[in-house]
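Each of the two complexes below includes chain A, the first together with chain B, the second together with chain C.
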Partner chain A sequence: MRNPYLYPNGRIGALEKDLLPARTWQMLLSAADSVEASRLLADTWYGRFPGLSQCAFETVFEAAQAASEQELMELSEDRALVRGILHRRDARNARYLWKAALCGGNADGPELEKPGLVEHSLLASALADEEARKLLPAAMSAAAEELSSLSDPSPLEVDRILDRMAAGLELDEFSSMGPGFRRLLETMIDSRNVTTCIRIMLSGSREDLSPGVLLEGGTVSRKAVCGAALEGSLPDFVADIENLERLAPFVKETLSSRSFLELERETERVIMEMLDAGSFELFGPAPLAAFIFKKEMEMNHLRILLAAKAAGMDRARLSRRLPRG
Partner chain B sequence: MNEFLSYSGVAIAAALAGIGSAVGVGMVGQAAAGVLSVDPKKFGKLLLLVALPGTQGIYGFVIAFLLLQRITAQTTLTSDFALQSFLAGIPVALTGLLSAIHQAKVGVSGVALAAKQPADATKGLILAVFVEFYAILGFLVSFLMLP
Partner chain C sequence: MAVVVRATRMELQTLRKRSVLARRGHKLLKDKLDELMRQFKILIAEYMGARQKIEGELLEAYREFLFARASMRREALADALRYPGAVAVVHGSTRKVMNLTLPEFDVSMEGSIRNYGMLDTTPELDASLEVFARVLPGIVRLAGQEKAIGILAAEIDRTRRRVNALEYILIPELEEAVSRIRLKLEEIERGNLTRLMKVKKMAERKREGTLL
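Right, the complex of A and B next:
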């Protein structure tokens, strides 16, 4: 009769009120600049983290992310969830380290988050050391192997491999959260694959489009997505993918206008709706996992909003990209 | 044997309905504690949801008490009386046990609803009350079956 998720899900349900409501997003979208936006944010959950008054947004978001992850790890008795959260952190650290090593970057080394389950030193040595790679989770090890075999990798190529690694880790760790959550992860992979196909098609390098550049684990096969993109029937193909049906007109629009703003906004809207539905599965770990994804998505949207405000972007253009307000 | 059968009706009415209530109140209580750890002001809204699965235990107790009164009032316990006493305890016991647990599941959902959409907290409570109806039917049948 014991259910270990009743208390954590109750607490997380109450913590969800800290997510920014539509009204706050409206006010943020209407803010004149990033300073005004930071003043608005100071009255929200983000106000508790130092750095907001100095507009050190990245410091605030890192602290906010760490606080949310810590909260969940303390609450959850689900080992897969804790492992998933920590491995996501490892994947982010691996991205910073490996991208800096292969594509150059900050001479002092990239700024890293606290280690998850893999030490920074192990990640740093994994590209060159085969023994170190054996100690990594399978998806990370495969990515490190692939990256180390590249002679002159482009940032795009590195990003694709790291994206595959991150998606593989998420699918490995979070798919046990229940069928609803697995479907969410698969839908996220489907949407990323569609976006990748469009980007490659629009870049004019059709020959680069192969199943190998796409993420594994979606509801539709990589070969099928590739085939549809090469045949020019991607919008019709998307209309048949479960949960992504309504993206079809936006795919068509993106292919003709070459602007990803609306497509990205609608994709994120679909994901947000699925996360909301997932957070009501009260007797399992799905609400906890959904919470961390929701927080992360909110912070990404805030990053976009604040960068846009700093660049003086107007509200109408920002609204074309952000699925908020 | 007649004595054993008679008192068995008392025991299952109180015990099974009580177990159901204990489990149910425990489930909703855990979820409510999670919400209250963040937002103690919601105590009033959650109190009824936590208490609701507890009523089945009371129904079981009332039937057990009435049965006990009737049993002790008898000078000799006949086999008919014993069987009737035993069977009278069963409806409230089973409906109490199962409805309290299922009501708790609705209650946990109601707690989540109250946490995320406080304005709809009453709707969660109303949904949980629907499950109560079947516990009341079990109680009435047991009451009507009393020897």
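Right, the complex of A and C next:
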């Protein structure tokens, strides 16, 4: 029987050549300013998008993101992948709309991203309308239900429910792509939980640290992470988490220096290495999803680099944050 | 412009009194100017030190915020900052320096700076907001100091103009007028004396003619 992913995975193999190589990153890091960096980028895959010569980087990245997603959705025959990609945008829009509805904020409406698979109007009505909720994915519907039952919730409470919803939605849609990809998602959740613990500890509100504020679905339980953080043994605990072992010294360093730059860099490096190792099912949707993740990380790093260059930041400080070059 | 006066003893006495008063006023204003300058220098030194400290902290906060802004979606950043969890209350008071009312501000923060979820936000945002919250009272205090410096500078300017007006215009003019009146009175005195001597001589000559 013909494998439907033969062509898409071959195509992804070709598209991966568009990812910026280490040499280009070195050149970008050495660029004197953002204008020089934009000139270097013009010779890469990003050069095809208008706006680069005017240094309108956000326009370029939005167009690049849309192009990557569109191409993958056309290639993919897996509905879960398409849903996984587009529902992430829906989850973000749901956050902006529902938080504005429940917590007020200023008179202007919230800024929204373009819709994924759920229209803005449907999301906006989902809090009040039970019929509209039924049209949403299960995780979103449950979150809307939970939120509508709260009376006068704080933005923090709303965000906690929506954080869990976004992570659950991602895990639901992408976890069917094989054990390799599931492992990647679990590692990402583990790292987010560890970072969340450190952020709460450093903000001086230890009493807020409870398993409820962490995300479900990691390789280690929320209770265990929370317990280790409260006991002060988080670095040792991280040293025992599979794939995150080498973050242990950086966790220790972050707790003492209060700077997340190195920890963020190393966490992203771990994720990038897992994506590059590609221990996914060869002919399936996982490499396609991995490509989207790689592209997103690349654009995120380019945003950081260009913003730093525009602000005249020195290379040493930039290297503390950027896991490239 | 010279002071136009009648050359009388009464006017001379009045002008002398005015001149003494102007000198006393000049000395007082000069002392006030010196004290204002001293206070101004103290305020400037405090202000410069505080400003440098705050600028250093703000630079660090902006660096963190740069990473936060670059690694977050624009909409997510706007959403995170849309619902402030902390309220800053500004308390205003005044203090008196050389009879000038100078403002003083203080800020107290209530609530939590971090009022957003963890999934769509970055730790750099926490760090930058923490620094912004820490420097906010300093910035408001700095505004009070800046206003006080402005008020002191305006008072120094006004006082210096008064001192200069007394020193270079009023006092010399009064002295010149006093001197002119004195000269005029002396001249009148001499004229009277000469006239009296002439009358005396004429009277003596008339008496000698009668005797002969």
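Please note the rule applied: the second predicted complex is superposed on the first by the 268 of 325 C-alpha atoms of A that agree within 3 Å, B and C clash if a C-alpha of one lies under 4 Å from a C-alpha of the other, contacts with A are read in each partner's own complex, and residues count from 1 in each chain.
The rule is short, and it goes like this: a residue touches a chain if its C-beta (ideal position, glycine included) is under 8 Å from a C-beta of that chain, and two chains touch if they have at least 3 such contacts.
Here the structure is a predicted model, which is why all the values come from computation and not from measurement.
Q: Determine, under the contact definition given at the top, whether A:Asn9 touches first (chain B), second (chain C), both, or neither.
A: It touches chain B, and chain C stays clear.
Q: Counting only touches as set out at the top, which of chain B and chain C does A:Ser30 meet: first, second, both, neither?
A: neither
Q: Is A:Ser221 touching the first partner chain B, the second partner chain C, both, or neither of them?
A: It touches nothing on chain B or chain C.
Q: Who wins on chain A residues touched, chain B or chain C?
A: Between chain B and chain C, the winner on chain A residue contacts is C.
Q: Look at A:Ser210 in the shared chain and tell me whether it touches chain B only, chain C only, both, or neither; answer first, second, both or neither.
A: In the superposed model, A:Ser210 contacts neither chain B nor chain C.
Q: Of the partners chain B and chain C, which touch A:Phe283 in the superposed model: first, second, both, neither?
A: Only chain B; A:Phe283 stays clear of chain C.
Q: Look at A:Ala308 in the shared chain and tell me whether it touches chain B only, chain C only, both, or neither; answer first, second, both or neither.
A: second
Q: Quick check for you: in the superposed arrangement, does A:Lys17 touch first (chain B), second (chain C), both or neither?
A: A:Lys17 contacts chain B only, not chain C.
Q: Between chain B and chain C, which residues of chain A are contacted by each of them?
A: None.
Q: Enumerate the contact residues on chain A facing chain C in the complex.
A: It is residues 58, 92, 95-96, 99-100, 103-106, 110-113, 154-156, 158-160, 162-163, 166-167, 192, 195-196, 198-199, 202-203, 205, 213, 215, 258-261, 263-264, 300, 303-304, 306-308, 311, 313, 317, 321 of chain A that touch chain C.
Q: Can you list the chain A residues touching chain B in their complex?
A: Where chain A meets chain B, its residues are 1, 3, 6-17, 280, 282-283, 287.
Q: In the complex, go through chain C and note every residue touching chain A.
A: 62-63, 66-67, 69-71, 73-76, 78-79, 82-83, 85, 112-120, 122-124, 126-127, 130
Q: What residues of chain B sit close enough to touch chain A in their complex?
A: So the residues of chain B in touch with chain A come to 23, 26-27, 30-39, 42, 101, 105, 108-109, 111-112, 115-116.
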